[in-house]
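You will see two complexes here that share subunit A, one where it goes with subunit B and one where it goes with subunit C.
Moving on to the complex of A and B:
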């Protein structure tokens, strides 16, 4: 029996001698640095190229910027991680960095050779040589191989019992870093919606870099440590997170365009958290969820004095939003009532049917309340003290971009929703939902009133969605059935699953990714849905627990136990212990 | 009265199409308890497969003779539908066979989106609806007070014949017995020497073939197709399968005729007209699921979902 059984992954696909790890990492790191310094393309790709009229962006050796700078930094990081002694979780970090380098290389390789008309663009043509992308790809692969050679180990745990001030400091730093990353991600490849020919690949390469760095941080245990810290100091974390989000307009992403995008993301994030109550906590699959958002939007539109509204009522926004949320909640309870008799995928179909009935009715202008295909246009702006929310504002010497007030509003709403959700999850109701999700019959046997709890889940989720819908209608100034179709429900569900079911950061992260990516990748607009569908299939195949897995949920979706080890590993351990007899212990010597 | 009979005839023709799709739903669900959301898309690619055969493979001399062109189109539709379904089973569903139930359902949604988009992007001009050849006798047949197009009559005849054939195959043949055994208890079936993987593949294959036939006949009858026909008819078919009792072949076909009638009669006589015919189907679906989830012919113990 070896000492490493407990830590080595159960089914390595490629095996390499551990002695190869260091040389491979060294070679990969050095190659990445060299790749950054090499030219990446042999000629100027686009006529009238305003961004890069010469090849400077691709070959100036000592004026590194953008993706080449990232390649170099990742390469240096590989060398540091490989040769600094006693780094915990080293191989995981190496693997993530390697994937990051390879991603940058691969994305650039595909983009450059596709637009340059062949591999000549990225190898050699007309006497010019440009092997940067190829070398970066090779470097990335070498680093990944070195990680495999070293053997992937468990993510290390760090103590989370810190002095209060130290913990707060770490959290502030972490959230400030997140803010910086978000601003950089939004503006990568272009500051506004006007895209240049490099915007898409630049953005993807940036994502590759960011993914590599985050993966490395997660590999050495920093991410887990920070999230454990923020669990421990939850109230403080939420306050800091909201403050960080509120300062987004002060960063490079502070213009009207990104405020609009960020507001939309906020709306979907709030809705996704609501859906997370229904699907993530209570385990009730809802395929028509966006209808609740639609109910909220149409109610708010009709009550706020929109031009074509038949009611002719004009209520102030908070009242309209409140009524919208309550009505959406009531609809939610009605839609949820079949849960009393129907379970599992049958329930999913019932919710799908309700969603389709809503869309079809809204499309046909039911009762003159939805405007049909004309939608309800010209919903008035929200006003506060005479300032319309879409105007630019000045606070002291600060000029804030238009739409910033909507952004502030949605940040506060999402912050509040996160706080409520976090408490809900650990409350009596939350524990009842989780029990129902795990085993409904057992939950009932334990004295939980399952029917009431399930309808409650629908009610809470729908109320949140209704509120988000009201803000959505006012921000867009139009409410149309087109925004509330089946595909939106699937997208929201995908956001929850991609992020990680049952977790708050997961829902927000998932919603951000799914609603930012189309905004950033307009070149691929035609393929957007196709890629989305593929992504759904691939996530379910390779990472069904999502990006930020819930501790308990992970056990269910990924075949892992709550301790984070795969079931195979645990079984292997048990078998081995039995084999060794009573004296055999984990970590015992041969 | 004539209107009523006419709508009943239309409803039966629609039901016949839906029935062929519903058989695929009900068989797959019966065996692996998967709501194969992408099955409607298999019907859609089948229709496009037939269209492709007509457009690019058939020599012009043959296009005028329906008894040559229609069978070839059906073969084309079936081949495309079966190929897609087998790829889907192998690479999307099989790896998730032991995953929690949510996972394959979401994968099915993904497959459905991918197939719709793939047709829209890569089938020439398929961004808009495509004209479908009238590859059958273009005439109305008078049956007493009602008059029905020959192509609708063909769908009804083919659909009933194939359903009866399938019922016989499943109840009488050796492989049919293996299918029923696998549906009842996969592990025990395996112990009895049945290879469940082969049974599952065969199930997908038969379902897809029926959907392919339905796709081509639907196109010939309606004379235009787009990439959304699969989603809508797929939902109808699923409703039919649930109404009839999911897992039951007879139930799926009878459920499909009921759904067809609800749609045409609801569009004719219910408030809101054809704009709301879709809604009545969903209302029926909800009521069936809530009050009789085992459907008309389903076995109660199978409904533990």
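Moving on to the complex of A and C:
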């Protein structure tokens, strides 16, 4: 029945000549190694009086560090993957490694030639030759071609029934590796600013490398295997994950600056998970979400004894944060109430308007509680037993950087928010939200009070955002309307969609990427948002289901989408058009 | 809330003079229907006769222009969720499952109004939560077994074959513990074996005490299944009665098909087939 209509979108499996795969990969791998050994610029850019010896890796031959070391390692990995027999998912791995190498080459090419004043910087000038970046780019392209020649195959599955100890070992290793990767990514390129013009490109090149490695691991099935293992040993995974997160201050990221960056990421991650309830689960497009974070921030600021607050109330932080969260939730429920009447695009407009009203009123200090354009500064530090949260602390013999307590607090809060999300998703309420997202009329016909459920979604999402906002205000010691503008709402939405709708790791990853990137790309100033938008477009083009997709979204985007028509339109048709839903022949699922 | 043991013969569902006007179009004109406890009633009529509109009026999806609907003597609210909670469940002519949820989850959504979960035990995963979930899953699995979908439990609904999707929709509707079940063309697009299986399924549903109203184009199916049949033509209730009475009624023959009885069935079958083809296009 109705077997013809479904648009099954399977990736076109282009295969060139499989025999070409190995030679291409070998050539690419060798070229990548050669590229690493060649100089990459004809002279060192931004060379100033105190010459940084580490900058030699730009112009000296054989100086293997930084991205040149990464290029070398990726090249060697390509060779290993090409010549070790029977690697499952080989082509996928090669493709990812190739993209990694090419990304490093391309980013360096663009950055170096742009800042060096022309292509001479990255080719030959003044008797110096520096073809490293060009060769790396060619190497990357060759490796990608080799993958296409071999033909992309499915990601292999590995057994997940292991002896408990082996599984735990694998998980600990994996999470430790993630911790290492997170620390390295965070600090890659160092702190961005005028004194460090290389921060942005170095960071991007590092992302290219990390993406290549992760892609390769995912291609050979390791990522899927680890996530299946952690699904199977859920409690253990959560404990290890939290422990890993808590040990970030012990890594290279262990100073006050990175703690602040990490805390900010945590705040946005918590907010993104809240937004995920509204958008990802209930399917309600909210374009003014960051305002709830703002409500939380301003409430907390006013209740915590900030100098310019008109209320003059000073409550302990937990109380202030709780009240902030509850008030934000109530505002959320109020803003959500039009959802009873409007659907889809109209709701987006209502929320957009609310977001604007919020920012404008805060900017003009309507109500006198937001400080207008002066904001509310000097919000007192959170204190615990006489220790201010921004101070350095000593634990035993360990010296922990300033702000580490905020970081710990946000780790715990993000953990709690994750638990709230997961527990709601797999419950009566969560199922109702998903049902509404899938088909609102059918949900009503199942006895779901959709209005109530939608308001609940708004309430939960806003509460979580309010809590995050309270922490945000205290960490920054200032609550300003400037932090809660439309752009932030859009970025949060992008984080949820980019990471993968409806999943926790997706929201966290999306939030991290989107709030680290601008921080890291500071010296690109004007180009920053452009780059950012470009990255978003690319990701959405090549991975529309998001970086960490939900089972549901995966299914949805791999096949046809459900029609969003309302029952009135559909049933008005005299000759009913059946949904092309009934398939059952997709990829021979039997 | 399963069917209350009402005195036999008392109407479970009583639609009185339901009229529905869309702009200038009178889609339903004073249509009445009474359904008794444990009855299977059939609703037939040509395309566009207003059958689906009638279901939409019964379930609160449309608010009738005039007329009222009583369930066990109490007036039904014009809100689909409340109607379902009161005990009237339905399926849709154009299948409307939650396509990206699993089969089991679809049925669990049907349990929504029949289970309680307080926020605290949900968030903290207290024993009360697990008890409730276990009970709901148990009932959902029972229903899946009842319609014969046990093995598809973890499949994503959209991936089910067509016939299974229809059966899943029935299981999902039954999960709301209805006293009245409204089925809108439950065998549309099915082959003869599947159609027969559906007939058996509806009979088994009736055995559990649920009263059923079925819309179908397959007249043979309707006459072989229903205790009584109503014929709707252009929004008017033309004839109502036992299959024998309806089959023999000259007005039905004339208005509905314009042909003698022997040709009705053959003709209806072709009509149904064409209808299905239209759906697939």
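Just so we're on the same page, the second predicted complex is superposed on the first by the 512 of 590 C-alpha atoms of A that agree within 3 Å, B and C clash if a C-alpha of one lies under 4 Å from a C-alpha of the other, contacts with A are read in each partner's own complex, and residues count from 1 in each chain.
Simple rule for what comes next: a residue touches a chain if its C-beta (ideal position, glycine included) is under 8 Å from a C-beta of that chain, and two chains touch if they have at least 3 such contacts.
From a predicted model like this one, the values you see are computed outputs, not experimental measurements.
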{"item": "Which superposed partner A:119 touches (first subunit B, second subunit C, both, neither)", "value": "neither"}
{"item": "Touching partner for A:181 - first (subunit B), second (subunit C), both, neither", "value": "neither"}
{"item": "First (subunit B), second (subunit C), both or neither touched by A:424", "value": "second"}
{"item": "Subunit B versus subunit C as contact partner of A:438, first or second or both or neither", "value": "second"}
{"item": "Residues of subunit A touched, compared between subunit B and subunit C (which is higher)", "value": "C"}
{"item": "Touching partner for A:162 - first (subunit B), second (subunit C), both, neither", "value": "neither"}
{"item": "Which superposed partner A:450 touches (first subunit B, second subunit C, both, neither)", "value": "second"}
{"item": "Those residues of subunit A which subunit B touches in one complex and subunit C touches in the other", "value": "556"}
{"item": "Sites on subunit B touched by subunit A in the complex", "value": "35, 92, 95-96, 99-107, 109-114, 116-118, 121, 235, 238, 242, 272, 275-276, 278-279, 282-283, 285-286, 289-291, 293, 303-305"}
{"item": "Interface residues, subunit A side, partner subunit C - complex", "value": "1-2, 4-5, 419-420, 423-424, 427-429, 431-432, 434-435, 438-439, 441-450, 551-553, 555-556, 559, 562, 567, 570-571, 574-579, 581-584, 586, 589"}
{"item": "Residue ranges of subunit A in contact with subunit B within the complex", "value": "285, 338, 341-346, 348-350, 352-354, 356-357, 360-361, 364, 487, 490, 493-494, 497, 526-527, 529-530, 532-537, 540-541, 544, 556-557"}
{"item": "Residues of subunit C touching subunit A in the complex", "value": "47-48, 52-53, 56, 59, 61, 79-81, 84-85, 89-90, 92-101, 105, 108-110, 112-115, 117, 119, 122-125, 129, 132-133, 136, 155-156, 158-165, 172, 175-176, 188-190, 275, 278-281"}
